[in-house]
Amino acid sequence: MIPLALFVVLGPVAGFLLLAGLPVLRRSGLAAGVVSSAVALATLVAAIVLLVGVEPGAAPVIAQIDWLPHQGEAFARLGVRVDGTSAVMGAVVALIASAVQVYSLGYMASEGRPSIGRYFAWQSLFLFSMQTLVFAPDLLQAFLGWELVGLCSYLLIGFYYQKPSAAKAAVKAFWVTKFADMGLLTGLVLMRWQVGSFAWEAVQPGWTATAIALLVFLGAMGKSAQFPLHVWLPDAMEGPTPVSALLHAATMVAAGVYLVVRTWPLFEASGVALHVVAWVGAITVVVAGLTAMVQDDIKKVLAYSTCSQLGYMVAALGAGSPVAGLFHLTNHAFFKALLFLAAGAAIHAVHSNSIWEMGGLWRSLKGASLLFLVGAAALIGLPGFSGFFSKDFALEALAESHLWGPFALALGGVALTGFYVGRVVVVAFFRRPAKERGRLHTPLVMTVPMTVLAVLAVVGGLLGGPIAGWLGGAYHFHVTPEGLTATVLALGGLGLATWIYGYEGGRRLVVLAAPAGAFIRSGLLDRFYETAWRQGLLVVAHAAGWFDRYVVDGVMNLVAWSVLEGSERTRRIQTGRIPDYVLAVVVAFVVLAAWGAVSGMSGCGSTP
Amino acid sequence: MTALLPLLLPLLVLGVILLVLVADLLLPATDRRAVGILAAAGVAGTLAASLAISPSGEAFGGSYVMDELTLYLDRVFLAAAVLGILAAIDHADRHFPTRQGEYYLLLLASLAGMLVLAGARDLVLLVVAFETAGMPLYLLAALPKSPDGRSTEAALKYYFVGAASTAIALYGLSLLYGAAGTTRIAALGAAPVSPLLFVGVMATFAGMAFKIGLVPFHFWVPDTYEGASTPFVAFLSVAPKAAGYAALLRILHGGLLDHHALWLPPLLVLSAASMILGNVIAIPQGNVKRLLAGSGIAQVGTMLLAFAVGTAEGVAMLLFYLAAYVFTNMGAFVVQSVMGEHAASDDMQAYRGLARTAPGLALAMLLFLLSLAGIPFMAGFWAKLQVFIAVWHAHQAALVILAAVLAVMALFYYLRVARAMYIEPPPEGAVAPVVARPTRVALIACVLGTVGLGVFPEPFVRSALDAAALFLGQ
Amino acid sequence: MTPPLTWFLLLSAALFSVGTYGLLTRRNAIAILLSIEIMANAVNINLVAFSRCLGDLAGQVFTLFAISLTVAEVVIGLAIVVLLYRDRDDVRADLADRMRG
Amino acid sequence: MTAWLSLVVWAPFAAALVLLLLPARASNAVRLVAVTGAGTSLAGAIAVALSYDRALGGVQFREYQPLVPSLGIAYDLGVDGWGVCLILLTGLIIFAGTWATWTLKERPKEYYILLLALVTGVFGVFSSLDLFLFFLFYELAVLPMYLLIGIWGSSKAIPEQGPFAFAYRSLHVGRKEYAAMKLTLMLLLGSALILAGILTLYWAGDGRSFSMEDLAKASISTSTQRWLFPALWLGFGTLAGVFPFHTWSPDGHASAPTATSMLHAGVLMKLGAYGVIRVGMVLLPEGAQAWAWVVGVVAVINVVYGALSAMRQTDLKYIVAYSSVSHMGVVMLGAATLTVDGWNGAVFQMFAHGIMTGLLFALVGLVYEKAHDREIFRMGGFGKVMPGIAVAFTLAALSSLGMPGSSGFVAEFLVFLGAFRSHPWWAVAGILGAWITAVYVLRAVRAIFWGPGPDVDRFPGLSDARGPEWVALYLLGLCIALFGLWPGLILDAIDSTTLVHLGRIVGPIVAGGTP
Amino acid sequence: MNVALFVVVAAVLLAASISVVAGRELVRSVLWLAVALASTAVLFVLLHAEFIAAVQILLYTGGIITLMLFGVMLTARITGVRIAVGSAGRVRGGLVAVGVFATLAWGILASQGTIVAHEPLDPESTTRLLGAAFLTDYLLPMEVLSLLLLAVMVGAIVLARRRDPS
């Protein structure tokens, strides 16, 4: 069991070291890609074998080595922990990563040879970091993986570092997530002193549990792009599409949810934390949904859709059901990755991200369009597709926990999802193209992973039972009132969108809604962050820098200057004229004589 | 004959004086350089003798004594004299060849005065020796008769301040004699404490402080150093100060140590003033000689600190400081005499890029400057450190901190010279200054002294401690 | 009965301060030398008075040495003044202020 | 047992002496001798680090020889866990430094002589147990800086603004001489304070010997400790860049040539911090406890204030210099917590920050040498032309912002753990400081290496690192990663020594006790 | 009787000194100095120090005054007009002089009792004792003094001569 887990975690890092260490391999172009994909696929196989080998409910198997000493023996250890949750998540991550890497062989073929090497090196590093996070035996190692994942996201988003916008996006992503990580780090440190160890199960009821839970959730909000820290996700689309598919759809953004699932005892111990989580999730669903409606760039739409779906998972967790969260996470991973890859194929073919320019892809790019539609169906949650089951399960959990506010928002979200997915599908695939295009073709190496994902997107729903088993919960599909209303709403949204964008009548309505659209598109929050950065931090930094150079340093210089000036001025007492010199001698004599007389008086008569 | 054994060293110097006189007469007017070499050899021989002999007790009914203190001070004077003469040989031969015989005569006369002064236990002998040490220096300052009249002006200032101080000193001594009833210094302690006695003490101190160059009697120092010939200033900046301290040691420590509490405060004030004003004078100076003058005043202030605390340790550290000061300060002035000669001006600009044109000379000057600043591995560091320890031990912590801070401030102007030498590039076509053989010998001796005392101070510290302990009878 | 010691000391102190006055105010170098002479003279009076009062000979020996020292000093003073005269054609003491600062 | 420590300490000095004899023209021979000197001490340091017995702990490799018996001064070398770690750091930095100045053309001989003399002082300080020898080496370490910056430094015009602008004109602020003079005077003022402190310690321990062990045993009255500790703290703190006395560091490092600023920021500032902890805290337990919170508060100011000031700078060298001030704040913060984690973190941060700043200054030197410009916003797109330097710079930047997997994270994590225990809001401020560091460091990386390709006409001779320059990059880069992944290599030696020293302050700590 | 004599001589002495110091013409000042020195000699006689008085007359009045006159002539232009002797900073000088006198007088008056008077030596033998003292106790100062005078003479001659013999 353990060697398998070790291979799953350490395999990719070996790949990374190979690529980083051997410049010849790195510059060999697609060969590097093949090596890295091979390693990824190997870890996928190992992960599946591992998953199968884990009996539900069995005690977790942990293997650790000492890492940081404290008073003679180690308080911090690194290692792997294999149990239901980690096996599931490990398998999902390995699957998506291999799919994306294989897909990238096609997508990145046109790049320069060294940059391909660089791309796959960072892909392997990402896989390693993610697996470290997933198989982490305690919160500390999770934090290590967590930060490395943030680093890989920074590197991969900034893959096209020549583009200034990509550079800005990469740094923005890093800063926002690092800002949220401050919370996680504080939580970690608080845990060390209050609870004594970083283990997942370590819980100390009372205010510490709530505090740590909230701090961990703050970290999760950053990485999983929850409102108000979601601003970096849309910009992250600057990275290559496979990266968006891997990181910003399936794995990285899901890390936050996974972390909450992992530290579930903490959240369970504090009701307050759960409420906060539920509300944040719900709000994110609606906000992201609304913004997604007005985006023109297909990748931005999918990005906001990811935000929204993450909102669902978080809301499910808030409702007290980690199984729902994890189940929706796995399904979402499949269909969202599929959507991104399909969109990637479309962009690859059309060479533009805007959905208006895509138009009428249905005819010219049959394969990719079909796969995209499958993904879209799963996203909307049409019955039969995986999305339906997990979203329904989440809504059910919300209803049971009687969190009516978040439940209402979630339902609203379903409608919004239906609308924006419908809009994209109609505009991008079924409208008449602006200019005619012949039949386009997507290479086999790209379609194969997409088809695998499509299959999973459909079949995913059936995984509910086994996942629940691994997590120790229970799930069996049954039709629920929430499920039905959700489906109706979804179809309603879809219909509205097709009506508006498909037929003439709808176009007038679009003009009416334009101002609202403009308002949402303007991104109130972005401007808030911009001003916070421009007016807040930079001004404070400017003041500190100025203060240091011209006040603290100024005082130092003033002292030096006054000494110099003083000595320059006292130089003048050296007049060079003899009478003055003699005067000094005589005056000094008088003073000393007087002093002598006085001291003589005081000691008078006291012969020793 | 053995009664005169304690006076061996002054007599030897007298012998050298006679030799110089005779040589000066016999040698043709054009080639008087040999006189200098002869004088140097003679004094060097006396120095060797001083290292060989051990203290040999009193003479003339106790008015003169050759004890450890006298021997230590004599060695300091002789070392200063040897270096002074060596440095002057080339300079004198070039600037005032016809008068160089008299130059050495006057210098040796002053040296003889100092040697006697070191062991004087009688007021009369002390004052005569003090004046014998002092007066020839006025003449030496004026001897070059430099065409621009600067040496005359320097001598004039030195003379007038000196004359006023001598009158004050004599007045003080007369009061001391009156109060104590005898001219034996040892009996001074027994005199009843009266205002008259202490007016006398203070007057004497004021009269002698002029020669040490303490503030406020220091006004002549910068001008005289600037005007007089640099090799002479090398001697002037060390030997008379040591002579001044020798006299004060004999009077205040030898005689009036029991009333230490009464004469301590004025001295502390003067030492603080000297340290502060010395640095203030030196900081803005462009002229290296005036800079070294200022630094000398600051150093003397630090020495007074050790002198004032009145403990055996304080006196010992003063003695060690003087020894270190001989090599360091004279070394610096010898380098300045070479540079002044080379660039015909005493300005700091002459040093520009010296590190590249004459690395050896630059390194020597850097060593002397660092030692003056009190940087470790140099004699100056141990000197300052030991003084700080002694003064700290005598519960004058505030003054030690003041001295330490001023020492750091002093580094500013020492490093300005170092900067000129090492950092600024040499002017085009700059050629290395030519260093005559005797001056080179003097320089090497100074460097060895400065670094030797810096790296291995133990023996010197040991002998200073013994001298002080025996002198104060502890 | 000779006057008490204090009178002599006071007289010598008066002479000393008159000499000091001359030292400080006189511009002519030789006049300054004269003032120094007066101060030295005051010292001698002091010494002899003490010798007389204490009945100790040392005072008088001291006086003799003091006199000879002052003579030597005046000789040096005149030599330097002659040099000053040869350089500046005038012997005013405060002329010599080219070196300052 | 061979005198390992003497070898490590005096190898550079011997090399410097050999250099004295070499003619200035033989530049290759000069470089070779310098590198062998640095190499021997590095090899010695590694040997010491490896053969240091972790379990035994305490002081090892002891060498004792009386020097000035009358004052109780002895040539007493010995290394405990901390010493091993810091000597290894010094060895690494000097070795990298000598390689980094391979391309120096102007008077390399004198440069190497001064550099090697300086590093001898540093080695001496870290390995001396006699307080006076400690001070002598301390002075030797501080003095050559004046000439190093003065001769080979570079000036940068500082605009005269602010309330004391008139003083700036007369002092030529920004010129290299100004920086050299300011640095030397401030550090020596600090050393004057230290000397006063050492002397008081000497007497408090009834004036028999200067050895730290005796002084540690001597019971010093609480009232003396209460005023003596701040004196030592500010004396050593000046060199460690403690808040009000840190202003020499930005000017000094920005004006210094590459290897000098590598050595100075990388190692010399640790001298100050080591002094505060080893001499200040260990020998004055009550004093340390009384002033711990002040040291902590100032350290927090250092961290946040330093980071903010760094953000304002647009000159690359000033950014790195201010970041050193901020990171030294983290060290002092760790020390102020008086907890095991805090001290472990503080010493490890000295090590980690030393390597990271060494690498950063080496890279800054390379960039400056090729682009002859230090304004980050005028550069851009260098990554395309110099990928090697870009990767190394990013690695060092990540270590400075505390990215796990780099040694920076381990150090800051331990310090934050310790800080949280004693004053929670210190830890939070420190973490905020780390985030601000992330902001300005990555902004610099983006401004220099990312963005559209370099405009060739403004920066003609851009190229990646060549031949000898790679040594510094690889050596230090590997160390950052190596000690980031396996901190245990050094950390358990540090931990064993922390137990001993901290035991003096907060009472005996039993191994493996509660956190 | 002696007291009256003392007062007279003291008055003459003081008047002469003041006119030396405050006189307008240099040569007259020198002459007044001669008067002052002479009156000091009388004082010495009053104090039964006849030998000292003789030396005073011989050395001071004879030696110094002639030296001063030569000095004046050497350094004044030949025209023989009255050599004006200006003085500067009178107020400053006066104040300090008064300060000096006040301090010294205060010192003297405050320690009236401390100096105990012994019975004075008989005047006849002082000269003989003086001679003996110079050759026994104070021989060393005598020798050192002779060295000093030699050096001063040589130095003064070398400085003052117009051309160096070469």
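Structural remarks
In this document, chain identifiers A, B, C, D and E correspond to the written order of the chains, with residue numbering beginning at 1 in each.
In this section, a residue touches a chain if its C-beta (ideal position, glycine included) is under 8 Å from a C-beta of that chain, and two chains touch if they have at least 3 such contacts.
All values derive from a computational prediction rather than experimental measurement.
Here the chain-to-chain distance from subunit D to subunit E, counted in touching steps, is 2. Steps from subunit A to subunit E, taking the shortest chain of touch contacts, total 1. Farthest from subunit E, judged by the mean position of CA atoms in each chain, is A.
More inter-chain C-beta contacts link the pair C-E than the other of C-E and B-D. Here D is the chain whose Cα centre lies closest to the centre of all protein Cα atoms.
With centres taken as mean Cα positions, subunit D sits 66 Å from subunit C. Each chain gets a centre from the mean of its Cα atoms; for subunit A and subunit C, those two points are 96 Å apart. Inter-chain centre distance (subunit B to subunit C, centres taken as mean C-alpha positions): 27 Å.
For the pair subunit A and subunit D, the distance between mean C-alpha positions equals 35 Å.
Looking at subunit C, residues 9, 16, 19-20, 23-25, 27, 29, 33, 49-50, 53-54, 56, 58, 61, 65, 69, 72, 76, 79-81, 83, 93-94, 96, 98-101 sit in touch with two or more other chains.
Counting partner chains per residue, subunit D shows two or more touched chains at no residue at all. Those residues of subunit E in touch with two or more other chains are numbered 88-89, 92, 96, 100, 103-104, 106-108, 110-111, 114-115, 138, 141, 145, 148, 152, 155-156, 159.
Which chains touch which is summed up as A-B, A-C, A-D, A-E, B-C, B-D, B-E, C-E.
Across the complex, subunit B meets subunit A through its residues 156-157, 160-161, 164-165, 168, 189-190, 192-203, 205-207, 210, 216-217, 219-220, 222-223, 258-259, 262-263, 265-266, 277, 279-281, 283-284, 409.
Subunit E meets subunit B in the complex at residues 103-104, 106-108, 110-111, 114-115, 136-141, 144-145, 147-148, 150-152, 154-156, 158-159, 164-166.
Touching subunit A in their complex are the following residues of subunit C: 20, 23-25, 27, 93-94, 96-101.
Contacts from subunit C toward subunit B in the complex involve residues 9, 16, 19, 23, 29, 32-33, 36, 39-40, 42-43, 46-47, 49-50, 53-54, 56, 58-59, 61-62, 65-66, 69, 72-73, 76-77, 79-81, 83-84, 87-88, 93, 96, 98-101.
Of all the residues in subunit B, the ones that touch subunit E in their complex are 7, 14, 17, 29-30, 59-61, 63-64, 97-99, 102, 105-106, 109-110, 112-113, 116, 122, 124-125, 128-129, 131-132, 135-136, 139-140, 142-143, 145, 175, 178-179, 181, 192, 194-199.
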